[in-house]
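Chain lettering (A, B, C, D, E and F) follows the sequence in which the chains are written, and residue indices restart at 1 in each chain.
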Amino acid sequence: MSTFQHIKPAGKAQFKDRYTTKAAELLTPYTEGMKGDIAILGAPLSKPSISHSGASFAPDAIRRCLSSLTTYNIEEETDISSKRMIDFGDITMHPTSIEECHQRIYQATKEVTETQAAPFTVILGGDHSITTSTVKAIKETKGTVGIIQLDAHHDLRNTEDGGPTNGTPFRRLIEEGHLKGEHLIQIGIRNYANAKAYHDYAIENGVTVYTMKDVRQREITELIQSALIQLEDNKVDTIYLSVDMDVLDQAFAPGCPAIGPGGMDPDTLAEAVQTAIRHQKVQTMDIVEIDPTLDIRDMTSRIASLLVINSLIN
Amino acid sequence: MSTFQHIKPAGKAQFKDRYTTKAAELLTPYTEGMKGDIAILGAPLSKPSISHSGASFAPDAIRRCLSSLTTYNIEEETDISSKRMIDFGDITMHPTSIEECHQRIYQATKEVTETQAAPFTVILGGDHSITTSTVKAIKETKGTVGIIQLDAHHDLRNTEDGGPTNGTPFRRLIEEGHLKGEHLIQIGIRNYANAKAYHDYAIENGVTVYTMKDVRQREITELIQSALIQLEDNKVDTIYLSVDMDVLDQAFAPGCPAIGPGGMDPDTLAEAVQTAIRHQKVQTMDIVEIDPTLDIRDMTSRIASLLVINSLIN
Amino acid sequence: MSTFQHIKPAGKAQFKDRYTTKAAELLTPYTEGMKGDIAILGAPLSKPSISHSGASFAPDAIRRCLSSLTTYNIEEETDISSKRMIDFGDITMHPTSIEECHQRIYQATKEVTETQAAPFTVILGGDHSITTSTVKAIKETKGTVGIIQLDAHHDLRNTEDGGPTNGTPFRRLIEEGHLKGEHLIQIGIRNYANAKAYHDYAIENGVTVYTMKDVRQREITELIQSALIQLEDNKVDTIYLSVDMDVLDQAFAPGCPAIGPGGMDPDTLAEAVQTAIRHQKVQTMDIVEIDPTLDIRDMTSRIASLLVINSLIN
Amino acid sequence: MSTFQHIKPAGKAQFKDRYTTKAAELLTPYTEGMKGDIAILGAPLSKPSISHSGASFAPDAIRRCLSSLTTYNIEEETDISSKRMIDFGDITMHPTSIEECHQRIYQATKEVTETQAAPFTVILGGDHSITTSTVKAIKETKGTVGIIQLDAHHDLRNTEDGGPTNGTPFRRLIEEGHLKGEHLIQIGIRNYANAKAYHDYAIENGVTVYTMKDVRQREITELIQSALIQLEDNKVDTIYLSVDMDVLDQAFAPGCPAIGPGGMDPDTLAEAVQTAIRHQKVQTMDIVEIDPTLDIRDMTSRIASLLVINSLIN
Amino acid sequence: MSTFQHIKPAGKAQFKDRYTTKAAELLTPYTEGMKGDIAILGAPLSKPSISHSGASFAPDAIRRCLSSLTTYNIEEETDISSKRMIDFGDITMHPTSIEECHQRIYQATKEVTETQAAPFTVILGGDHSITTSTVKAIKETKGTVGIIQLDAHHDLRNTEDGGPTNGTPFRRLIEEGHLKGEHLIQIGIRNYANAKAYHDYAIENGVTVYTMKDVRQREITELIQSALIQLEDNKVDTIYLSVDMDVLDQAFAPGCPAIGPGGMDPDTLAEAVQTAIRHQKVQTMDIVEIDPTLDIRDMTSRIASLLVINSLIN
Amino acid sequence: MSTFQHIKPAGKAQFKDRYTTKAAELLTPYTEGMKGDIAILGAPLSKPSISHSGASFAPDAIRRCLSSLTTYNIEEETDISSKRMIDFGDITMHPTSIEECHQRIYQATKEVTETQAAPFTVILGGDHSITTSTVKAIKETKGTVGIIQLDAHHDLRNTEDGGPTNGTPFRRLIEEGHLKGEHLIQIGIRNYANAKAYHDYAIENGVTVYTMKDVRQREITELIQSALIQLEDNKVDTIYLSVDMDVLDQAFAPGCPAIGPGGMDPDTLAEAVQTAIRHQKVQTMDIVEIDPTLDIRDMTSRIASLLVINSLIN
């Protein structure tokens, strides 16, 4: 790659072990016609967040963490070094028009999905406001969408009080007719993290809600299986997995804007995601609400990078 | 509140969702004759601590964390937005006389309790040295006190070596005749965190001691129930719950001055507190030993704020 | 204030020296008809910033720093404890519409100015994008505006590439006809901090530009005097002082989003501001581009609070 | 100790409770002929690490943490205040020759072991590269070595690509003939943390590998017992316990250079170590890969100090 | 020093250059009858501080910084490696009685001074409250004391409002008759850092006050010379130099509890100290108000260590 | 660059102002035969450092800072957007052989220089140990080398005590015959930062030494001019500028491993470098001893990036 024996291009890793493939090496910038195992698209938008958020830095942080993972899953004795993650890059955001940003996310997600470059797409937020746009795009390309949302919050706030914030994505999808309430299953909803009015809204609109008490009392795999069966029964065409990292306990996910105690541990989340993505209809996942400027040693992004790489094993 | 449409007073929250009540909104500054569900009193004293401590900043930090909680307990499907937390404010401390500080804590706690403004009082420390003063005040207003202490340490140190430090509150209560040893139940005591001499002292004085091994091997609810029955049997008039946050593992409570591995997780602590405060005689709780200057993103204060808000459900 | 001898309301200072007045005590929340010496208005907006910015936290940080200043200027032997700073509070921002935010800043500034509550108004940003809105409001209430801008950057970027960002306020004022180029004087412009195109734009539009070389080679008081005379000669009705804190060297202002070496020291900046506000036509000042989340021990906000309090001596 | 009543030598603890012995007080600098219960030797080397590492600061940090532990194990009701930890000090490292450093570690470990000052030796790394040198020394003084390695990584990398890095210690031991593959038992190996090639190498060389899945599904005591029996059966003369702290989950061990989710919790690690050291042949333990410059409040070193002090109870 | 070739005692420096003497090597723990060039005594007390302060950690921090200085002053071409700094250690503080702490400081300072071990004594605070005690001790051993105080604050607060805080040392000395106002010269007093009442008190009591304006407009050496002459003229027996590090600008002394802009730079402070200690009557110096827990990379303690080492050249 | 309208490749800047060229855009990866204005080569080596150092991260940090500079020097009214910085990338280092690292630096520097791709080469360290290797390479390609070293330290330590550390580069050059003492001019040498023995060595070997006192008392341009004339007179073929960033005061360069007060300010350093590189024989510059892991907001690297970009104006 270099003309000189002991010089490498700026920005490349210093040390290379000839027998080790890093997960980040599976990332291949998209070129037309390319096919791969999963597609990656960054949606670095966090200005719509109600509280100050640097979640726009997360796509870079998650990719950076892929550099510290290898491609070998020893528990499954599976090496994914021959898999390809097509990296579509990041959506460019407008500095001062959030409406334009959401529109671009919609359009970019649609264009990326239409390439059919990979059977599974991972969208790296950004805050949760992006999900209205991405789900709209998925619906147009893949049909009726069912959603499994791993989250401490309903994200069903009214839009009169602040427009399309990160507290509103599923409300907007329902109100704009892109999602039926019964096609939305929320897992991990936490005490004192939501208004009663929004729980009521969820129930009134047929949304299925599993609280952290449910997670503590039942097996996560069982909850996910129930969710998958329910969405199957409801005849959705495609299932979208929306992972708000604040579903995790604050000790494990110190980098989420809205941290708190009482959440999941990373093994439970990983198991939830693994169980879900083995289902054929689960074709899209987003990972949102990581603010690397608040995180400790990229801990939260490291968990996210594990979810990404794990999605290559299904 | 403001003369102008889009201006709010300095210090108030920027964003307001019309359907969401924040736990902090339940805080109402006390005025004479006011009645409420719980009373809050800050005891911002940490100069008596053996090691450098900023626990004096904790009352503000815990109140601040109440601003990020809502009033809705989804697991119990209970909204506490109609409850009132009477905020008596913070006791003013003397900058150079610790004796005077302890005296003021005693007096203020007594005066606050005598208002009978609420059936349950939460005292926000400060370090653990405050508990001698508060318990003395409670005894004078409510009669014989039984104590359930959640703590990694006995806090039964001799007072010759340093006076009324944060290592001595229960020793002083016993020695000054305000507390019988058999009315003190310690839960969560940890390895290598105490001298043998003080364990001996506890045993010799009839104090009940449950170590972390007991916590790991038995259900926390069962331990608390045993404690409550034992105090009932011992005919105490009122039960005081003293929560030293360092009973938690360091990964969950990074903001305690004396952190270490091997402690409880927050769910266990929350369950312990919930179980206790459902008992009618449990009328006072203190939360001590959080140093917000050492904490990470107020994680430890967040757990404390959850204990506070949870005490409205009983 | 309290019913009890040794209790104070939550949030108030612990220690009070009877002979010391803190600058923050001069802050009085506005009520209709009130008159004072200066008016304070917070414009906590930083979402328009090109780079991630928490400048929205600055109004609170600057007020907080006023709590660590007294009211006594020993060098002038002047005590300002009888002065009154009317605190109008902070403009509420829309979470997802930057256009609406700018409109609210315009309207609130206009309404506040129209109260004629004080002869001098200090607007606490926020990022520099707020200045288009505030100057427009000032122009409508006070007539032709001349601006002295202390800044490392021209802030004359084109608006096609990102809309009304923090790089564009003076361009927008000029293009929208609210400001003549010859009524804008920029001081402190720094090497490698601006594109040549924007220096050209400044020159072509008659803007006066003093670089840091000018600041190093001439007395700052002389530069300011020249600026004042020039604006006088140009018949402006009112002079607006816009202080972008990044005019300071990074060692002195670590909390600015766009830090760098080669800037002013705080004494020079304070002298510049003092010289300017002694002029009768200087009636408004903004202080922008402090991000307290990046700052070290509020150092940058401390300098800002000094500029605020100093504006009471003129 | 001092000529004056209220003066203490610089560096000594401010406060002394007459009934409390701190674990650090058991540390006694070695003098010839001294006998004790365990020997401590620091190997502050981290320059061989593949990534930037300050693990050379760990011996000091772990000793510092011994100052915050007492000598009383309340769960076992055992006071170890009469035990003696012989502190041999730290090996001096050559600033620019890593080969010389490894040689010095070998020689110092050998000399220290040959003193037979204590039945159990704890070596405080440093990074994992030290283990080749220490095990070689142990083998020469105690005979055939069996190793139980608690680690997220195999540390069986090839040496062509970087020489004796912290990724290679067990490979070098095997290749240089100091260790048989069947005498090496690895526990806690994690997904995406190793190349397939090195798992293959382990298997081909008869190394026993327990992944985190094994740890999650079986009792840790059972795994350790199996390991001990297997090494017994294989007729090793002595068993060496090598504790790479990154076997812990990142939330519990934030100070390891190579952190990640999905690891052990500290109770499991402590139980593993306790189970192992009760076995008579377990005579040496190293604790490696703690970088105090990355740690949070010495949390990771605190866990290490607990492993050290616990090794006095067997 | 060690039995083994490549092992050093725990806590000693790893690397030793045979031609380099570190300033810390000049520190020699005091034994009876010892004579040296300067005496060092730590007074690690900060509980009297009005605001939260970790200044009790400063004596250790300053000694630590002496380890990164050599003994060679290249500007004076003077090597002080043959000088001896007698380290008396640190005064032990009572955890809960500030009165007792002040008494111990008085007594220890007296005892140390009475040893006549060195012609110059440096007392390392601690907060400024210690100075009342140390000056009282000096007065009893050396006679009438004149003080040159380098400080942003008068430290002449009333004692009714908080007792002997760090804001009161010189007031207490004057009121208790240990110091005449005309024997106190304050240099570096800053705007908005003091109440008018205390400036008035200074003037009424004959205290000489030089503000930062005086420092900016006159040579610091000239100010110090004036001060020395004035004290000489006033027939003091000994001169005490009290260095409150907050006399420095916040950019240079980020570790002082009460930071702010507008202070001295370190060269000016060093020159002030050097000028003063060349005078024969200047026999004692304290350095106070460094909080290492707030400092950045020990910057403030580094400046202090330079003042200490420089005091060996006079 | 992308197939999609609103998507950009991962890692690229989000916002682009069409009229602004960032300095980083001038960086062009080298391809054979390429010609440019300056050549950049990273030497990310810091394992030879006596103290723990992350200076190996500096080349990346300095390049990152070039992204926040534009190409326009307003003081000179010069736009350098048409200049080209050829980026040769970074030398790959051997993880465990420092000797091999130094050899690679020598060889890579030689190969890069031999391309004659640019008239001026900037080498980004790394620690100061790299300079022996780079100067040897320059000598072989350009002839007799004269050095102007801006540094707080002599860097003339003996090599017996630690081999080729960052304290020895100029000693090794002299001892190995690559440099005559009279061809070395050291500027900025600081008090208590060096052993007398090394100052003696400098003088005995004809090295010219200017201390910080010289820098304070004379114009820096005059010092540099003297140095240039002296080297000219001594008939060197090429002049090498070696910039150890710790020549700066700690307040301005918080990211140097060996910080301290009493150093230069950035304007003086920039002027020194500018004055030097205008001389035709000054053809190489290194910038060393920045540890980005210790720095605050890349402040020290920002100054370095300014020195780099300024070298395009000569």
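A few comments on the model shown:
Assume contacts are C-beta pairs under 8 Å (C-beta built on N, C-alpha and C of every residue); 3 or more make two chains touch, one makes a residue touch a chain.
Please read these numbers as outputs of a predicted model, since none were measured by experiment.
Under the touch definition stated at the top, chain D and chain E share these contacting partners: B, F.
Looking across A-F, A-C or C-E, the pair that copies the D-E interface, with over half of its contact pairs the same by residue number, is A-F. One inter-chain figure worth recording: chain E and chain F are separated by 38 Å, centre to centre, where each centre is the mean of the chain's CA atoms.
Averaged Cα coordinates give chain C a centre that lies 57 Å from the centre of chain D.
Within chain E, residues 15, 50, 56, 95, 162, 251, 296 each touch two or more of the remaining chains. You'll find the chains touch as A-B, A-C, A-D, A-F, B-C, B-D, B-E, C-E, C-F, D-E, D-F, E-F. Across the complex, chain F meets chain E through its residues 50, 157-158, 160-162, 167, 189-199, 209, 211-213, 216, 249-251, 254, 258-262, 294, 296. Within the complex formed with chain E, the residues of chain B that make contact are 47-50, 52, 54, 56-57, 94-99, 129, 162-165, 293. Partner chain A is touched in their complex by these residues of chain B: 15-21, 23, 68-77, 79, 81, 251-252, 266-267, 270, 296-297, 299, 302-303, 306, 309. For chain D in complex with chain E, the touching residues are 2-12, 14-15, 27, 29-32, 41-42, 44, 56, 59-60, 63, 87-93, 95, 104, 107-108, 111-112.
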